[in-house]
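Written out below as structure tokens is the structure these notes cover.
Letters A, B, C and D mark the chains as written, and numbering starts fresh at 1 in each.
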Amino acid sequence: MPTLGPNRYGKAETRVVRVVRDGAVHHLKDLNVSVALAGEMDAVHLCGDNANVLPTDTVKNTVYAFAKEHGIDAAEEFGIRLARHFVTGQESIHRARVRIEEYAWERIGTAGSARHSFARRGQEVRTARIAYDGERWEVVSGLTGLTVLNTTDSEFRGYVKDRYTTLEETSDRVLATDVHARWRYGWSDDTRPVPDWQRAHAEARGHLLSAFAETYSRSLQQTLYQMGARVIERRPEIDEIRLSLPNKHHVLVDLEPFGLTNDNEVYVAADRPYGLIEATVLRDGAEPLIPTD
Amino acid sequence: MPTLGPNRYGKAETRVVRVVRDGAVHHLKDLNVSVALAGEMDAVHLCGDNANVLPTDTVKNTVYAFAKEHGIDAAEEFGIRLARHFVTGQESIHRARVRIEEYAWERIGTAGSARHSFARRGQEVRTARIAYDGERWEVVSGLTGLTVLNTTDSEFRGYVKDRYTTLEETSDRVLATDVHARWRYGWSDDTRPVPDWQRAHAEARGHLLSAFAETYSRSLQQTLYQMGARVIERRPEIDEIRLSLPNKHHVLVDLEPFGLTNDNEVYVAADRPYGLIEATVLRDGAEPLIPTD
Amino acid sequence: MPTLGPNRYGKAETRVVRVVRDGAVHHLKDLNVSVALAGEMDAVHLCGDNANVLPTDTVKNTVYAFAKEHGIDAAEEFGIRLARHFVTGQESIHRARVRIEEYAWERIGTAGSARHSFARRGQEVRTARIAYDGERWEVVSGLTGLTVLNTTDSEFRGYVKDRYTTLEETSDRVLATDVHARWRYGWSDDTRPVPDWQRAHAEARGHLLSAFAETYSRSLQQTLYQMGARVIERRPEIDEIRLSLPNKHHVLVDLEPFGLTNDNEVYVAADRPYGLIEATVLRDGAEPLIPTD
Amino acid sequence: MPTLGPNRYGKAETRVVRVVRDGAVHHLKDLNVSVALAGEMDAVHLCGDNANVLPTDTVKNTVYAFAKEHGIDAAEEFGIRLARHFVTGQESIHRARVRIEEYAWERIGTAGSARHSFARRGQEVRTARIAYDGERWEVVSGLTGLTVLNTTDSEFRGYVKDRYTTLEETSDRVLATDVHARWRYGWSDDTRPVPDWQRAHAEARGHLLSAFAETYSRSLQQTLYQMGARVIERRPEIDEIRLSLPNKHHVLVDLEPFGLTNDNEVYVAADRPYGLIEATVLRDGAEPLIPTD
């Protein structure tokens, strides 16, 4: 009989919105929570015996109940609470992984004193991934959908040329990417003080942006490393960061057939294909644990 | 032989990015331009005779060339220039419709004086649709992807109940929607002064937001009308506005099975189905011209 | 006070799956139903008075209840039943429009006699749009997501050249498109026999495919007209058809830099921009009623 | 200075369409190719020195040139050829990973003898992932977007109940999922005969479908294991398979408020949240190498 290998199950994409009403001033948290559980699951796979299976419907209910009972502050804290609950609450469950996407809202400014109106801030999504095996925590936070662009201070020269190379070197190009970043906190032990998740996230995000803007880039790899290194250098609570950066090519349009000169002014924003640059940057001595698929 | 009815052709989704370099301070415009042309096109449909067909590839080239030759200020102005070119430049083309999506970028703040780094502002998209038949202009501007939410001051009561009604009345619900707005300017004649497109757009957007926030809502229809009416009342250059507002249901979770009371605190953000409310609001005497499909 | 213009409301995207159990042989219908209602709706827009408003939640319930009470045969028939119910059942509702997407499933062949397993047939979606005002019916059926491609018998020559034209003529190109078709039935009167919706749809689809395949194309406009004309000529129950055909450009790759000749063998399947060709084809004397937006 | 961890770069989503013209009978292959390369890349990350970097533009060119020079038979074979080229062709590149999506087309039947017209077969995508380090091959094939549904022979009972459990047991439910399958071939060594990729894929797909249809399911985990085990048992060239199966919930609608009985006939096809069941099934003694993220 074939062997059962690594497996997990759970409820994905439970959408929970939590409102806190502080008089006329309301607060809003908007999350998408995915929980995956693993443990003694041979019987359910091999013979359909559900005796060790907490239903995924219950997982969903737990997310909503916890939103009420404990509120939602940082996504990381909410994920830790959920992961601990499943691993310590069910004997058959040995490991939990909670993934959270958080959508940001900002207040709509109005004349009166009422503060209950909000607008979604955009396409950027804050992410958190919490893993727990009953002993050790692994918290990886990050962001996706942060699109950035430099109109200059980017070149690409001195690369390998082979039989199939036609690209011309350039000393001034547009450099654009969608930042997909995940960083792992050194914290892994319940007995140690937890990081300030909100501040760490805001600061890491700021460092990514400023490193992108301030780096004179000879390649997207160099920019990537500078972005990652700045986070590692400035945030002691972060041991590892992995960046996945599509090179969103902006191609200079050839205007000569129309008797015009394109002096780095008019670009095609191309869809596909795109370069894809991925790398991990680590604190000295840290192990790379963020999955690279 | 079957008759040829209404027809048009053109190039859709030409992505153009235009950079202006003012010393170390750079400026960025990012558009998606779709052009549709109509005119004497019987021969190409009926016998494949292309003698009246300007290729869609040429339409694309024209977008890029105009970005260089004339720059891009307001999307509306750029669309007017393109529409005029096609209608006056080709005898066989009698009507042009230009649709533009504009993506907003904001500067990344950095320490130095360099000003060439940008981040995409989010999912909201500014839209413009310019139609021209050689005599009359129709300019419809708008926005999509503006997601807003009120945590209170919304009720839904006193509605019709029939055999299939199970919904309970509520006097305090979350009201959320993705604003899809299109407004038509009164301007239609080349001899009249054109509106200030940038200011009109910013102001209309602001009125939509504040009317949404400030309306005590007995139904999403009422909120919609208030939003539309405020734009018509405050912006004399706008004669008509059409709003399409999905009611993004936020369903209160039943926490009683867990011994908890949900005091308007925990909601499911539901995907489908959703209510869909659509209406046009008009200046007195104006005709509804924005298509309702 | 600004005037209320055209408006409607309803429930969009109610997803209903209907199973019929004929012993061990089961049957499956899978629809996405969107209902929009219009009528005496001034009070709800102007003052939030819901006395004429049947809740959209009730609309959803009705879809599910009708699936049980009446079953689902053709999507058109189901839509007609719903539209009639809302217009005749509520005095305040004068017009209904029902849009349906139908997803096709095919049986998974198995050894035994059981017939309860299905696989989704693909990305093609069957569409229907039923409008009713208490007297007159308008039924527009169609399809989207049918992607087709000819590897030869397509050319593009003899077109207009202006200052911005760089495209070279071609006598042998790949022609590919996603067929988006909507056809209107002549039937509009309850006293007349209704068409055989299932057969008409299958036949119209077949004619679109064969006309695409059999036309030697000098332009996509010509192919479009041939596709539409064949449906009008062969299906007497159909009076009008509108086709929207993106020209999914397949660009011949220049392999000369690598010392290779590209003899119409290797193509880039491009994303954007794309040509977009739209036209209506009509039975002689029929009016174009399908919206062109 | 922070350490550079695992990294790779390449060109993603190169869309190549290859036509073979066998007289009037044409053949079509339609791929989306993503290549990632790794090796001596410290200098480019740390100092922007591109001397070891083959441009991603060259990677794209190579895909097109190889499509001409070698044709495209099985996606796996094409990926192997590309991976070998990059690893053996550039000293600085030590590892290559090629990912391919293949889109299926079927012929449009026509009366004449011409055979150059095709329709896309649907949303199902065939996948292949080839990894090579100069010595060892790892080939993982699979599919995504295969949506299947059983209308009966599925129950869910006997599960754990805790404080947050409200789900009722069911002995007859709809079971539906989107099959996402990846299977790893035992072949890893150039000196051994390669599998028949086309036949292996077709057979594995067939086993997944028939196991899904023929399993009386007490849980989706059980169905998953049966699907995986059947592939391992019947295809000796496959050592490992990983399945990721969303439980696409079909919720029985409560029709009692309308005086109707829902005898397993009318369902809501729900979007979110969804159960997510993931597991690997292995040949005895095989190691789980397919990434689980």
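The working rule: contacts are C-beta pairs under 8 Å (C-beta built on N, C-alpha and C of every residue); 3 or more make two chains touch, one makes a residue touch a chain.
Note that the structure is a prediction, hence the values are computed from the model and not measured.
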| item | value |
| --- | --- |
| If a chain touches subunit A and subunit C alike, it appears here | B, D |
| Between B-C and A-B, the pair joined by more C-beta contacts | B-C |
| Length of the line joining the C-alpha centres of subunit B and subunit D, rounded to whole Å | 38 |
| Intercentroid distance (Cα basis), subunit C paired with subunit B, Å | 24 |
| Computed distance of Cα centres, subunit B from subunit A, in Å | 30 |
| Per-residue multi-chain contacts in subunit A, two or more chains | 15, 61, 65, 164, 166, 257-258, 271-272 |
| In the complex with subunit C, residue positions of subunit B that touch it | 1-15, 34, 36, 41, 44-58, 60-62, 65, 89-90, 92, 156-162, 164-167, 217-219, 221-222, 224-225, 228-229, 232-233, 240, 242, 246-247, 272-284, 286, 288, 291-293 |
| List of subunit A residues in touch with subunit B within their complex | 15-21, 26, 28, 30, 61, 64-65, 67-69, 105, 108, 110-112, 114, 116-124, 146-153, 174, 209-210, 212-214, 250, 253, 255, 257-258, 260, 262, 264-271 |
| Partner subunit D, residues of subunit B touching it in the complex | 163-164, 166, 257-258, 271-272 |
